[in-house]
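Below is one structure, written out as structure tokens, with a few remarks after it.
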Amino acid sequence: MNTIKVSIVGSTGYVGAELVHGFSGHPQVEFKYLTSETFKGKKFSDIYPVFRGVVDNTLVSTEEVSYDVIGKESDLVITALPHGVSSKVVPQLLAAGCRVIDHSGDFRYKDLKTYEKSYKLDHPHPELLEQAVYGLPELYREQIKDCSLAANPGCYPTCSIIPLTPFLKAGLIEKEGIIIDATSGVTGAGRKEKLEYSFCELDESFKPYGTVGHRHNTEINEQLSFQAGDGEGKAVKAAFTPHLAPFKRGMLASIYCRPTAAFADVTGEKVLEVLTKYYENEKFVRVLPKGVMPDVKNVNGSNYIDITGVYDEDTGYIKLFSAQDNLGKGAALQAIQTCNVMFGFPEETGLGTLTRGV
Amino acid sequence: MNTIKVSIVGSTGYVGAELVHGFSGHPQVEFKYLTSETFKGKKFSDIYPVFRGVVDNTLVSTEEVSYDVIGKESDLVITALPHGVSSKVVPQLLAAGCRVIDHSGDFRYKDLKTYEKSYKLDHPHPELLEQAVYGLPELYREQIKDCSLAANPGCYPTCSIIPLTPFLKAGLIEKEGIIIDATSGVTGAGRKEKLEYSFCELDESFKPYGTVGHRHNTEINEQLSFQAGDGEGKAVKAAFTPHLAPFKRGMLASIYCRPTAAFADVTGEKVLEVLTKYYENEKFVRVLPKGVMPDVKNVNGSNYIDITGVYDEDTGYIKLFSAQDNLGKGAALQAIQTCNVMFGFPEETGLGTLTRGV
Amino acid sequence: MNTIKVSIVGSTGYVGAELVHGFSGHPQVEFKYLTSETFKGKKFSDIYPVFRGVVDNTLVSTEEVSYDVIGKESDLVITALPHGVSSKVVPQLLAAGCRVIDHSGDFRYKDLKTYEKSYKLDHPHPELLEQAVYGLPELYREQIKDCSLAANPGCYPTCSIIPLTPFLKAGLIEKEGIIIDATSGVTGAGRKEKLEYSFCELDESFKPYGTVGHRHNTEINEQLSFQAGDGEGKAVKAAFTPHLAPFKRGMLASIYCRPTAAFADVTGEKVLEVLTKYYENEKFVRVLPKGVMPDVKNVNGSNYIDITGVYDEDTGYIKLFSAQDNLGKGAALQAIQTCNVMFGFPEETGLGTLTRGV
Amino acid sequence: MNTIKVSIVGSTGYVGAELVHGFSGHPQVEFKYLTSETFKGKKFSDIYPVFRGVVDNTLVSTEEVSYDVIGKESDLVITALPHGVSSKVVPQLLAAGCRVIDHSGDFRYKDLKTYEKSYKLDHPHPELLEQAVYGLPELYREQIKDCSLAANPGCYPTCSIIPLTPFLKAGLIEKEGIIIDATSGVTGAGRKEKLEYSFCELDESFKPYGTVGHRHNTEINEQLSFQAGDGEGKAVKAAFTPHLAPFKRGMLASIYCRPTAAFADVTGEKVLEVLTKYYENEKFVRVLPKGVMPDVKNVNGSNYIDITGVYDEDTGYIKLFSAQDNLGKGAALQAIQTCNVMFGFPEETGLGTLTRGV
């Protein structure tokens, strides 16, 4: 069984740590470097005691071990860095000859202007936008196989795109007026010393945030437009609102859209059928049986996304629902799925066992 | 200072208990009877030890003390009973000469058919539907003053109607296509011995429920239609989806609607202005300053509802947000506000002090 | 009804905010100054939106308004400052002629050495240690009445001293070998931008901390020794271990001690009798009936402390249990009780209504 | 790689489900029967949607498939049944020729009278008490290898016995006066339709229960006595108090004991040394470095138990602390470890990957 060497740049944030967690059980992966600027010299398990005896690798800083060395000694480097940093680091890694999966927003867009407007940054390597593949295996599996750079999707985009794609691709729903109302657990905000994310501020709290112009909105729009057949990425403008809820991991999207004339005979059963048929061969997309609703607790710790849909005939709206782990299918575990596709491993390798039970 | 005698029928459910809690600090109210069929003979504080030394009244059953006696000896009876039960009990109480505030769905509708379809019940006293006043003081203050029967609004309807009314009344938003995506804390499900509401099933859980045809949807539609000027209660059909989140008390609504031509110059500022102006004299409706979002923790334990709105020019949607305590403004404390209006007490009596802090 | 002017120095920490919350409903108190160095110029309700429309006072810094002015214009100043700061500020306030209730550890000890060892600080005004009264009304009511400086007890000490005192005073338990195993909600750690208190680090977490030499241990020892009749404050050395649990407010102590020969006929009933009799006239100490255990949820938001005790005849241990709100009887609301004693108000003024229900 | 057939009797309670979860990733185990009387005919994943696509086995009732058949067709049967039921079922399974790991209290005791007094039941097969092996591999590994019946330890006993054993075995602590103050997450109460375990009753709650005479107390005493060298199981009588805390999984024990004369030179370092040395070859017992405290979040979902100890020289108490997952090392995953020992698999098979991360 062949194995690859994987390094994780920025391994002590929540996404980084979940990457370490996921890969630590992957039979075809061995860690080369786990980097951390803040905690260099410490063991990974000093920062996350949950991993004591499991992952005791020493953290290195990229001052000690350069990106060039990391890239040369690794088959795959996964970057879990802030946007604006990734755009500078990833080209160095690619130049060193490794393949890269990046978690920031820096390589997710095809349209440079949309990126620059959304992130309020100039992009130092716009030529890579074209080359990067959007790392959503269910949609871009073939392109991922041979890519050198995969841009891991945002969490909100993943749980928005998966349920909407089958309908947009088939022209069954209007491109106009889509609403995505979504809720994230607190790990979505990252590992931060901020009062607003303290236990006392968030326990028994629930609120919307980023109600206009959240960055993930433009990423959602571009990808949904592609699925709807618009190569320019402009056809769909969804209204998106994220909320923050008092749980640690998990994300739920409630989506509202309207059937087109081509779907005039829409019923709840037919909505489910469309989803079921489209994803029948996808291991990690679970279309729930009629009457069962997605719940974040049921995907917690896994790479699954649970989806379903209903039709509200009183109002004419199709409602779609999806639940995923924001650090799982929404981030780190999806990257492992993408890694498996990139390196020709069976797609569920290291992901086949559900990681949380009761 | 004159006082009234208040009885609470069904005082040991969560709404009943919050009524007891709220009224226990009301300077112009004394309790006459607190009823419970299940716990008769025990002290109220045996069931809720939090009230030991505060409310130690003995619970009576309505077999011991008839509705007739309760009604005759009370100025006001508040019923916190299941729908289908209230419709039989309330007429007996009214016949005994007291005034009533009812918490069920049985007297909230003007249209009998809508009620019967929504609750799948025949109504034994349809004549009372006309007589009953919808107990939302901000909209029906004048009618409440002299009514003998107030139907306390549902929790989801309250937090939907309050933010939408100023726009519907002024014709500023389309009646079509309104979406209400809302989330409740677990007390909203009542005090029940059900596995689905157990700690282990709901901790770290988040999910939609009642995704098509939830009862509160028709109540919302009828009231919004009235506000939109349709006396028939048919003009507005909102798409409504409730969710259940892992906190005890609180409810948040995220509402999507579109400006009419009359509101062609819509901006976020103007949305806020409409809300601010409409509710400028309302003590319990707090229109938040620009950039501050409603959070259930900030209304927890109080009769406040916090609201705001933004305009998303990319999509043309107005987004409105409201947060209330589902047992507060969404149920028991709103009933106290209504009681104050009915009996001519200053409207904030017993409600003027915020009941939770940090 | 006479009223007093109260200022709160350090009003935006959790203890400060709960003081503001509690006093905002006190009919005989009006706020003079609410200070905050960090948020000066803002409204109190900008920092805590839960208080919008309730407490909108503008925060002042003590650079703008000196301690001398605050002291001169207030009847009572409550300081919610870190230890080591209070010891410098309180003398200035006393010199200005006001009375003071302090929340730090700086005036809680009679023995200077114990303080200095526990807090690793020199005390700039050791002469005030003698003058200060330990602000536990159940034990020091008479001394509190006329004092100018009350040192509000620590949260862990309060819930340790209340249940143990009746037994120590009567010589019914051994002074040796007392164990206090206690658990606090997260507000006990204060309002801090620290990763260790973030939601993601504390949700689904439970752990001991400060397992040897926690500061409150020496405070507990000194007070228990006094109750045991040792004026030197040395007779009792309890083993104390605090834990941190994933709830916002509340504290529970589980205490283990052994009966003396004088209590050879100990039974569970007799343990309860001792507690009941000792506290029969105390409004805020609720001795629970046999078989009912204290629960932090039942004291949340209130000034109550719920206590009980059992006797384990297999091991010969008496077990005592107490629950209080760490910000309530454990801090801010106890200070209001002390204020009422100091100014001759009925002791439950502003505290008579339970502040949380269901 | 040889595999065995495993059946789980009572597979839909929380312990049963965690057994299914754990074994579903075990490379040398295949499921034969998963039984449920309540849910027979449904798929396991209908009851626990988290397992959809992972464990879709159909549940059978023991009316359809007799214990005789289950026992004959399985190499190992794991019973997750109530006490008093196991004592009748296990003998039937053993008679059919399989090996059994039982989760009830029915086979954990050597002393029949202690069992009968603790569980208030007559034992129909007292002869099996002698034959059964206490399924704690760290203490009884050799006996487990060849046993036909292993009694899986209680959760509280496991986290009490592991930290105390090294000291009791070596005579380093007094047998008298040991105190075990422990806290469990809510899954410890089982999957029950009871109001007292509802979300609304337990959120923001913390309380002791079973404060005198909890069943696990006698199990702890018997085992600790054996470790202390008393074959009668009477020498140690610990004072034990369990508490219930608002998290789903996890258990923490805080233990107080006194050094004997043989340990007169006790220090915190030496306490740690004793633990470290005793467990140096144990994969699942992690002795934490000085200053790091056990936290339930760090063992959640795993078979690890994290332990440490300190010495409080002011009081002369040694304090020991342990954290485990009550369903992990405290129940189902410990049974998998025991299964591995029984069948000669490497002990960490199926348990080697940590099952929860961030």
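So that you can tell them apart, the chains are marked A, B, C and D in the order they are listed, and the count of residues begins at 1 in each.
FYI, a residue touches a chain if its C-beta (ideal position, glycine included) is under 8 Å from a C-beta of that chain, and two chains touch if they have at least 3 such contacts.
In this text the structure is predicted, and so the values were computed from the model without any measurement.
Enquirer: Which chain pair is joined by more contacting C-beta pairs, A-C or C-D?
Expert: C-D
Enquirer: Of all chains present, which has the mean Cα position farthest from that of chain D?
Expert: B
Enquirer: Need the CA-centroid distance for the pair chain A / chain D, whole Å please.
Expert: Result: the chain centres lie 37 Å from each other.
Enquirer: Counting only Cα atoms for the centres, state how far chain C is from chain D in Å.
Expert: Taking the mean C-alpha position of each chain, the two centres sit 39 Å apart.
Enquirer: Where the CA atoms of chain A average out and where those of chain C average out, how many Å apart are those spots?
Expert: Result: the chain centres lie 47 Å from each other.
Enquirer: Two or more other chains touching the same residue: where does that happen in chain D?
Expert: 14, 187, 200, 203-204, 246-249, 295, 297, 300, 358
Enquirer: Under the touch definition given earlier, write down the residues of chain C that touch chain A in their complex.
Expert: 14, 186-187, 191-195, 197-204, 246-248
Enquirer: Can you list the residues on chain C that touch chain D in the complex?
Expert: Result: residues 177, 179, 181, 183, 185, 200, 203-209, 211-213, 217, 237-239, 241, 243, 245-250, 252, 254, 256, 268, 293-297, 300, 310-312, 314-315, 317, 319, 321, 323, 358 of chain C touch chain D.
Enquirer: How about chain C: which of its residues touch chain B in the complex?
Expert: For chain C paired with chain B, touching residues are 14, 17-18, 20-22, 24-25, 48-54, 187, 204, 248-249, 283, 286, 288, 292, 295, 297-302, 304, 306, 327, 353-358.
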